[in-house]
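Labels for the chains are A, B and C, by order of writing; each one numbers its residues from 1.
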């Protein structure tokens, strides 16, 4: 397997984008990534698209074909495929794009993620997000995605003493970061009291503990490291791409306080990269809820199990802290177009590793980590990117 | 073979609305309404309850007390005038929920408030003839009255189930008889939401005539008199009618006491007499005789002559609540919540 | 969405009504709903899974009060969702009903009841299943 580099990146605004359809968003991100990578469409060997729910959200499946066509690639025989792992679809697509280049099957691959969530009323979106749970044995009985995470939160509070304030601190931090990100859905800081006082979604989670409904797309161009070196001595290398899984229903897991899938994916990724977690300079983790980030920093091993609540509260994971987490604003503030998130996380790392993150820049960022979870923890991907 | 009651079960939902809360909405005198009807409050089913869930709860209790497996049941009949489906029997769902499927017969009954007792009679016939070993008869309702109509004060929700057999009986049903005529006192047309009734016509020519005629027929055929009975259970559309019917036949108010539930939980329609009987069996002693007469509009009455056996004391009823404890465990609600739960609000939103 | 409840949920009636699960004939581990293969014994359990019913009793592992409800649950909103560890071992996700949220604690003992879960609109099939009440 050969080394793989990220040649270019493109990302749309994330938010409620009434004027843009899914296909519009897909090609906007894709064209920007191609321009950034300085490649032409006839150089594209394959297109992979991460998308979770277009089949329900806009009654459209076959998204690979849709985006390829809209990008002008129809009739060129470019293989185009949709990859789905719930809201880890973006990372899943990246993983398979990486494999296709690493294996030598393809030389230049465009991989993107896109989701159009605002063409339906919010109540429908709640149900559609719940399709990532066990339909027959969780959603059937009234569970929603946020209800599942709420039960994780309550158990974590019970076993480890985590507080609502500690959870709220995650939201405050990520909104502060989002305020520095011109592509973020929310670009204003929020106060702890606002998070604590927000209307309940599923107790103890309130509206400001939960990622928003978002439209958006993000894309990167992958190529072999050899090809990247022809352009420049320094490039961004994919040091590791790993996935792990666990039982679909939350109630089937060994513990409600952590995602084994995240932990195992992390171990695999570190081993593939040949690095230790101490060397990681920043991380984009899956904060679909505030408790999710607390779990993530624990499951990824940055803090001991049970200590995750202190991470945001103490400033450890803020910009300028020991390990900045979610400098993009995270799912919480940057937004969470389901299939796009995994790629958006990768792009934040690319910007940081290249020194292009402006006011969000982490000093001397050389090694970054992206963590993308499907549903309530049944799937987890960890990607490690290295500035060479 | 003589048929009787092997076991019984009951269920009353926990919500209650006071007569006063209803009266205040419609500008009626709360005290006068409560006094006139003899009803203080009525039971209201929760958002996730319907005749099926009520019937299942009562049926499961009867099965648990009997200590029999589901496949011992050869028939399930559910009587109600608020079955959730007009076509697709409640009885099949109950049968599945007590694991009696697939080798059994089942059907739903309708006869206003006496559908439950009609089901008991059908089970008696099947077991006495040897066609089946045990039959489960359930009376269950989540009845509705039109907003502002007098029936709104009393139409309530409940269920009681009787496992009928010929062996190991807690009570023998020595005799049953019925009195049936075509009388339009109370009815609901197909597709209509609420029933209609004939006002004062529902009294003498309907309720009283049928109960008295049927009751007298049972006493005559049994060669018994009212004082031979420890208890009497009558259909109870309000708190007043049963006392008057009892007096007409020669029964005393004390005999009705354990079985008269309408004053606190309203008229549970097909469950009214079954619940009254269940509540009476909860306190009855071996040898007690119980006189039962149910009434259903349309119209008809079913009477039963019941004798309690020794087994009433030895049957294990631990872990299964008495009717009184179901009545006592209550949560009061106001008219707004009641209207929401009973589908009396015009909800908007998505496709139906 | 016509007909989804009719068939897709009908298959699981005995599990949703009567907690019908199964048990590994090799190691005795319980599952609800039934699984085709034991998670501990894997291929050695093939053909050895036996029907088994749960009693219906268990304890609360965690719970939440849902305010942004799933479709068709609006009339019950806010409602309590919980993950319950059944006495035989499997855990289930279900509503806790007939109590107020303050009464529910992690560790509370609960028992299964039969309730209406939902319906496919006013003319569609009604589906029933388990919920739990505090002991």
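Things worth noting here:
Basically, a contact is a pair of C-beta atoms (placed from the backbone, for glycine too) under 8 Å apart; a residue touches a chain by one contact, two chains touch by 3 or more.
This structure is a prediction, so every number in the text was calculated from the model and none was measured.
Chain centres here are C-alpha means, and the one lying farthest from chain B is A.
Here the chain at the heart of the shown protein, by mean C-alpha position, is C.
Separation between the centroids of chain A and chain C, computed from CA atoms only, is 31 Å. Put simply, the C-alpha centre of chain A and that of chain B have 59 angstrom between them.
Shown for chain B are the residues that touch two or more other chains, namely 350. For chain C, the set of residues that touch two or more other chains comprises 71, 76, 95, 117, 131. Residue positions of chain A with contacts to 2 or more other chains are 123.
Chain A contributes residues 123-124, 126-127, 130, 134, 136-144, 146-148, 150-155, 158, 199-205, 249-252, 256 to its touches with chain C in the complex.
Per the touch definition, chain C reaches chain A in the complex via residues 8-9, 12, 33, 61-71, 73, 76, 78-79, 81-84, 90-95, 101, 106, 117, 127, 129-131. Contact residues on chain C toward chain B in their complex (touch as defined above): 13-14, 17-18, 71, 74-76, 95, 97-98, 113-117, 121-123, 126, 128, 131.
The residues of chain B lying in touch with chain C in their complex are 14, 46-50, 52-53, 56-57, 60, 84-85, 93, 96-97, 99, 340-341, 349-352.
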